[in-house]
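The block underneath contains the structure these notes are about, expressed in structure tokens.
Chain naming follows the written order as A, B, C, D, E, F and G, and within any one chain the residues start at number 1.
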Amino acid sequence: MLSPVLLIAIPLGFSFLAPLLKKGAKYIPPIAMLFNLILSILLVPQVMRKPIIVLLGGGWPPPFCINLVASPLGILLALLISLVGFLVSIYAIAYIKEGATEKYHTLYLLLLTGATGIVLTGDIFNLFVFFEILCISSYALVAYNGDKHGLESAVKYLIQGSIGSSFILIGIALLYGLFGTLNMADIANNISYHSLQSPTLYVALAFFITGFGVEGAIFPLNAWLPDAHSSAPSTISAILSGIAIKTGVYAIARVTYTLFSAKGFMIFIATIGIITLLIGEMSALGQKKDIKRMLAYSSIGQIGLIIFAFGIATYYGIFGALFQLVNHALAKSLLFLASGYMIYRVGSKELSAFEGLGKKMPLSSLVFTIGAFSLIGLPPFAGFMSKISIISAGIKANNTALFVFVIIVLFATIIEGCYFFRVVQNLYFKKSRDPAHNCVRDGCPTTQKSEMPISALIPIIILALLIVAIGIYPRLVTGIIESAAIGLMDKVGYIHQILGIF
Amino acid sequence: MILITILLIAFGGAFVTYLAGKISGKLRNILAVLVSLALVVLISLIYRREISREYYTLPFLNLKLILMSNPLSWFFAIIIAGIGLLSILYSLEYMKDKERLDYYYFTLLFINASMLGTVISGDLLSFFIFWEIMSWSTYLLISYKGGKAIAAGLKYIIMSIIGSLAMLLVIISLYSRYGTMEISAIASYMQTASIGYTLFILITSSLSFVIINAFWPLHTWLPDAHAEAVSPFSSVLSAVLVRKGIYGLYLFMYVILGLNILNKLHVGFISFSSVLCGIGAVTIVFAAFTALVQEDSKRILAWSTVGQGGYMLLGIVFATASGMTGGMFHVLNHCIYIALLFFVAGAIEHRTGGIRNINELGGLIKRMPVTFIAALVGISGLIGIPLTNGFVSKWLIYKTLILGNHPFLAFAAFVGTWGTVLYGYKFIHNIFLGQLPEKYKHIKEAPLLMQLPMILLTVTVILFGVLPGIPLRVISAIQRQVALPPLQTTLFGIPKEAGELNMINVLFAILISCFIVWLLFRRAAKSVPVQQDDSYAAGSYVPKEKYHYTVNFYNPLSKMITPYLRDVASLFYLNIARGTQRVCNIIRRVYVGEVGYYAMYIVLFLAFLIFIQMFF
Amino acid sequence: MRKIISLILLGIVCVGIIFALYSIPFGKDKIKVGKHYIYNGIKETGAVNIVTSVVLNYRGFDTLGEVTILFIAALGLGVVLYGKKKKRKEGLEPASLVLYTGCRFLFPLILLFGAYIFIHGHLTPGGGFQGGAIIASGFLLSYLGCPRKWISKERFNITESLGGLVFVIMGLIGLTIGGYFLSNFLPKGIANTLFSAGIIPILYCAVGFKVGAELAGIIYNMIE
Amino acid sequence: MHLAGGIVTGIGTIFLFLGGLGVFRLPDVYNRLQAGTKCTTLGAFLTIIGVGIMEPSWFWKTLLIGIFILLTNPISNHALGRASCKSGVPLCKKSVVNKSKDFCKGETK
Amino acid sequence: MNFLSNNIYYIGCFGLIFIGLYIVLTKKNLIKVIIGINFIDTGVNLFLITIGYIRGGTAPIFSRPGLNPERMVDPIPQALVLTTIVIGVSVLALALSLAIRLYHHYGTLNLRKIRELKW
Amino acid sequence: MKFKSFLYLFILLILIWLTLTSTFHLQELTVGILVSFILALSLTENYIDLGLPALSAKKIMFFIFYIVILFKEIIMANLDVAYRILHPKMPIKPGIVIIRTGLKSDIAKMVLANSITLTPGTFTLDILGDNLLIHWINVKAENIDEATKIIGEKFEKYLRVIFG
Amino acid sequence: MNIFFLVFIGLGIILCLLRMIKGPTTPDRAVAVDTISTITTALLVFLGFIFKRYIYLDVSLVYAVLTFIGVIAIARYLEKGI
């Protein structure tokens, strides 16, 4: 009875249950995500053999009802979502103290459910619905703190996100008008018969990329991201950065690879990725005031890197992209979580306020450093493995433009190094200022040590250990990433597996 | 098995030491020493044993991670392990009252481990991985002291990232072309590569090695980093870490490409080697005279590290037996005496409470005689006075330059040596000779645990100066490994056939002349020390605090050369950094904060996508 | 300036749309999957309203998502408006007697109508969402006419949670019995009678309650 | 039957039209409300009942809708009228008397 | 004229969408922008319905025997629109509540003044 | 009182359900009764203080009679309005007057107000206590008593019986 | 026949629309909206008749309910009751 549909149904059920539990609501997300984690781990061996197609609603064969596709890619991402979601939710138990806490936890769980749905569904409209679940809950959660910045960013995010979703919907409508079906495999099948010259397809593709690009934070569409990431509660920043924007990237990849198989278009995607990378990293370097904003810009950069890798359009490129995706999800959520309590303790988001924290919060500082190093791509952390696989994919592609892009990636890595080492030196090598200086809240450090509570510490330490473990023993994840990459490349296989059920 | 054991002990030892530190400081110190000692012993065990073994396959690129040992790696490995042990020993006392010692020992051991890793890697990927670990762990220790060290560390890590990325580009490019990263396999493939590609590989990879070895004009990180690091680590940094550059150059030029190809790489007069020679020469001269005008003891040594690198480069680019041997031997020698000198500087720092400005010191010879002797021997080695190890290697390099008919390079090398003499003397004089400042009247000799490594190194300087054959034998093995003509050596030097050098003869000559001089001095009248305590200026007593001791040494010379020594490179990088910052700040303005514009971006993107698809 | 740029950009998009619409002629019969539903819908699901069979059976998963989205909006509103100063606005005009009486009189009737709409979702163009909306607007009316007679928020919360749970549990029962999530495991009955279409009316009732409670909660939150 | 229904519907639609015309033509909001309420209520009622007469099986439902309109229209229009009054929309110039001020003060002689 | 009569529905839908986009792009009042978003939503919903429409079609409900299935419009877009409407309502509610709170903080709804988050 | 309200509501709901479904099909009936019962049970308090009259034959008779009168008045009203609208000169003489009512229960007042709204030339703007504010399209009398007589009396006499 | 009815209804709606555009006060527009909604309810019933679909009656009833409440909301807003 290990149906992948439970990955969505159970969290949904739990989140409907949560408001009834009042104070107990905060334990609901960890439980649900733990369930998902276990289930997706159990599913891994099955999907490696053959993707599981789940029919819903009466079990009519595709394209006559919505179906889920538990492909290696989907399960990989579901696994990632549940893992990060689980850890972040544990962190949140202690971290989220003020405000409508039970609503927070419910929304949080729903956000993750939306993300899981996105990566598992095989129906384009269903994808849209889950997308909205994710987006709307993140609009609300970004505003959770209720301060002016949170609200401002939430409004801006909402406006941009709504435009994006409308575009997606227009794209869906165009495709539906053309093919009369919403099943992705069926559409893909139709498109492969259809001549690619049809302007409808191109326009639909443009709408899709723009729409998903807003959530996926590709360059000119990502203006919501720094605002939202910097003013949301840190747990939500972690999830947005670690999970939410990944789903946008996933959707872009799905649409371009599976739906349209727009091979000729991929170099363009790579270009967008590179531009995003550069803009993100450079903005991060320029941002010295607000550490979360800096991390957010860095996320933009990383997303750029992932999209670039997808744009390489070879097996190796996709492999690198997925690997980087995993790494970034772990590392960036780690960074946001670690910075969460640090900000809370020093009472300021300014970079200079972090001076000397290495002494007061040694473990948090240590894991922060590990995350930062992983993102820069230093061995022996996961980021190194992913970065070299992207670079080698770029060079292997044997394309001058891509080679130039690889050089730019290296350049961006230097910038990454600059700003991350800036933080690390603040943590460890600068003398801390007068402790009373930045203190605006209770619970500020009056004593020498003020490490975060244990329930917050455990998840980030687990994340750090995972990063190191993957860095040292990449086989932990490469197996499923390989299958996922193969699966994403294999459009014909996808169509056959789903439409061949008849 | 032994190689992986070495690595496990090195890395695991670092972690265990760290954890032990949480229990007790004593235990940690003992462990640290034991780990370094074990490494020295293990590495000594594999002397002359060529091992190559595949340990691990990276699943996704199907890359094999290979460990190997050969004379080249053994040579560097033993240096690393040896200096590592000594610096740990030295640290026991030096670091006693410092804070965050667990961290310190951990990083130091970790750096040593990663350096060991780089030299025993048998494939480029593991080489690169260890290289990167080495880079960032070094950063962590450079910045350890805080204050100025922070900027130094940042400068270091950024330049080192640039270097590593260049190397990464090379490695991945090689991999994507040949599908392997095994050094030996790549070496065989590269024999058939096109000139352009070879040049690309060579130049790009050299970038990283030039940076790490601090050759002009990419040296700017080094003086700051060496000066600001804690002294035991400065010695590791200066003695071992920067020489990874020489190792890398050697690896790429001779192990991977080989002489045949190198010789082909020239356009008209300019060849790859000649460019490197130029760099080496400029580095030597520039660094020597910059060192001359420094007032900071560790900074002098740092610049000397830069300068001596030039000699090594000059040595190894000429693939003659003597040049190569000289270069390699100089690596070893420099490592020994510079470590010694940093220990000396550290000892003084330790006793004087952190004084590094040599103008504030003087006359310490009476208070710290052992340190003085160590310094004297070290400086002699640095200058290349016979009977010290520096003499032999420099002699070989000069010989190569002269015999190879490179007058300009030889001239540069000599000029560099003159500069070395000057700043070497300045170092000795300003610290140990002259007047002892009042406040250091009761200063004590360096503690025993700090003396021990100094004494060991002092002895080694002399030992290798008198018996150069010991290390030269290893170096010859390296030559043979890459099919270069080895230099024939004897225990005391070089046999006749190869251009005789017999240090025993030199030793006797010198001993005899010393004896004669001593006899002469015995005959002369004894000099009477004059009290200088009472000084009067314009008839009034000058309090002791106002005394001027030895300041502004070489003042005229300094004034003359300083204008030429403006660190153009450093300024250039500074400007680049500032420019980048500015550009970044401008780019950030894309996010104007007004949601109308953001919506505009979205529509713009859509319109753009539609537009290009319509028309392309 | 901004207006001009906007117009240019929109113009380009518009051209793209025009080209795109060329292959989608208006009013032509281009139904593909939908045809299957029209011809087999009654047979397969038992609901004469094909839209309902699509909403709750063929695309029932969408509807679960949709319910969730409304749920999210309700929660989100609670989050956003949390801790807002609840200063009762002074000088609020009380409703006139006509309205006050009329609202009290009509309120139960509107609720009944809402119930009718979602109970007959599989037979008429109604459904849970429409019915829920009507129920919520009944509450709105009740608020507008007699603000003091407002029902406690607690009950809304419980109702919406239960509605959602019923949906999910029905889905899971479907998974256990029918093998597919949300599969129609109850007998399909005779077309065009109230007790037909298996679980669809049950789901629609759940949806109706949930939507009603949620929208009412949203209204409550907005107004308070 | 069909004819009767048709006639009823026809009358209804004419009243609907008149309602629109009244709303358009009359001078101030109160007069418009008068027209709007009366004509559209009856018009809608008749139209709907007329349909019910034409299709007898629909009669009960149309009756329900009709009654609903009959019941709600005065209420909603009353609310609008009260709102206009409260928000101080002035009477047109033709008006002869305005006692709303007295009413609000509660002075009713 | 024929073109117009054939495409008047499309023109209507996309007219709404473009008007909405134009509002979002150029207006500075948050409430207006939210209205603009609603315009877009409505336009898209109508477009979906339009796509599923066939000339002379009727609702796909077999409420009495003898209805011709050939003349029934596509049920799928109708189901989809149900969903998108709900989504639109949810977003609208959230947007309005955010606007209320934002006004509370900034004392204005002018988006050109609500820009503390930038760069 | 409570039971009366419940009964009223229950019957009303059942009637509405029946008209909505327009069938006596068993399933529909069952569900209808069930739903009505639940609703009536839980919403009775809405009807308690409405002031619903006791059910008696006389009252029902009067009610029907009232409806007839009302319809007549409504049609009159519409013709009147039609006349005024269509007349090119628009013969109106609007004004706002106050009238008084003797009715006590809420529902009676509401019915009265609605009736006034629907009948010729008058429109209820507000109710406060016993007074009604009336917009009169063709003011015939300005003082309260006269206005009450003209506008309200014709309904009130029936309503007094029905709701009395 | 039906066409005439539709024309009447349409004219009614258009006249109200004109009033809605003209204003001049907000209550004027609200009145126009209300009138339109009532006319539309009737129109929906009539359209149901034209298309011969009984089920469309439900639509018009829903419409009537919703617009009724909508208008009341507007009215309450105008008199500052919410």
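Quick notes on this structure:
The rule we apply is simple: contacts are C-beta pairs under 8 Å (C-beta built on N, C-alpha and C of every residue); 3 or more make two chains touch, one makes a residue touch a chain.
Bear in mind the structure is a predicted one, so any value in this text is a computation, not a measurement.
Separation of subunit C from subunit E in touch steps, taking the shortest path, is 1. Here the chain at the heart of the shown protein, by mean C-alpha position, is A. Separating the centre of subunit D from that of subunit E, both taken as means of CA atoms, is a distance of 32 Å. The distance from the centre of subunit B to the centre of subunit F, each centre being the mean of the chain's C-alpha atoms, comes to 102 Å. Averaged C-alpha coordinates put the centre of subunit E at 40 Å from the centre of subunit F. Across the assembly, subunit D contributes 18, 21, 33, 41, 43, 57-58, 61, 64, 71-72, 74-75, 77-79, 82, 84, 86 as residues in contact with two or more other chains. Multi-chain contact residues of subunit C, defined as those touching 2 or more other chains: 2, 6, 9-10, 13, 16-17, 19, 21, 24, 31, 33-34, 37, 59, 62, 65-66, 69, 72-73, 76-77, 80, 93, 95-96, 98-99, 102, 113, 120, 124-125. Shared interface positions of subunit A, defined as residues touching 2 or more other chains, are 125, 129, 132, 136, 139-140, 143, 146, 151, 154-156, 159, 163, 177, 180, 182, 199, 202-203, 206, 226-227, 286-287.
Chain pairs that touch one another are A-B, A-C, A-E, B-C, B-E, C-D, C-E, C-F, C-G, D-F, D-G, E-G.
Taken together, the subunit C residues at the contact with subunit F in this complex read 96-98, 100-102, 104-105, 107-109, 111-113, 115-116, 119-120, 149, 193-195.
Across the complex, subunit C is touched by residues 9, 12-13, 16-17, 20-21, 25, 27-28, 31, 35-36, 39-40, 43, 46-47, 50, 106-107, 109-110, 113-114, 124, 126-128 of subunit F. Listed in rising order, the residues of subunit E touching subunit A in the complex are 17, 21, 24, 30, 33-34, 37, 40-41, 44, 47-48, 51-52, 74, 76-77, 80, 83-84, 87, 90-91, 94-95, 98-99, 101-102, 105-106, 114-117, 119. Residues of subunit A that touch subunit E in their complex: 125, 129, 132, 136, 139-140, 143, 146-149, 151-156, 158-159, 162-163, 165-166, 169-170, 173, 176-177, 180, 182, 226-227, 230-231, 286-287.
Residues 1, 4-6, 8-9, 11-16, 18-19, 25-28, 30-32, 34-35, 38-39, 41-42, 45-46, 48-49, 54, 57, 60-61, 64-65, 68, 71-72, 74-80 of subunit G touch subunit D in their complex.
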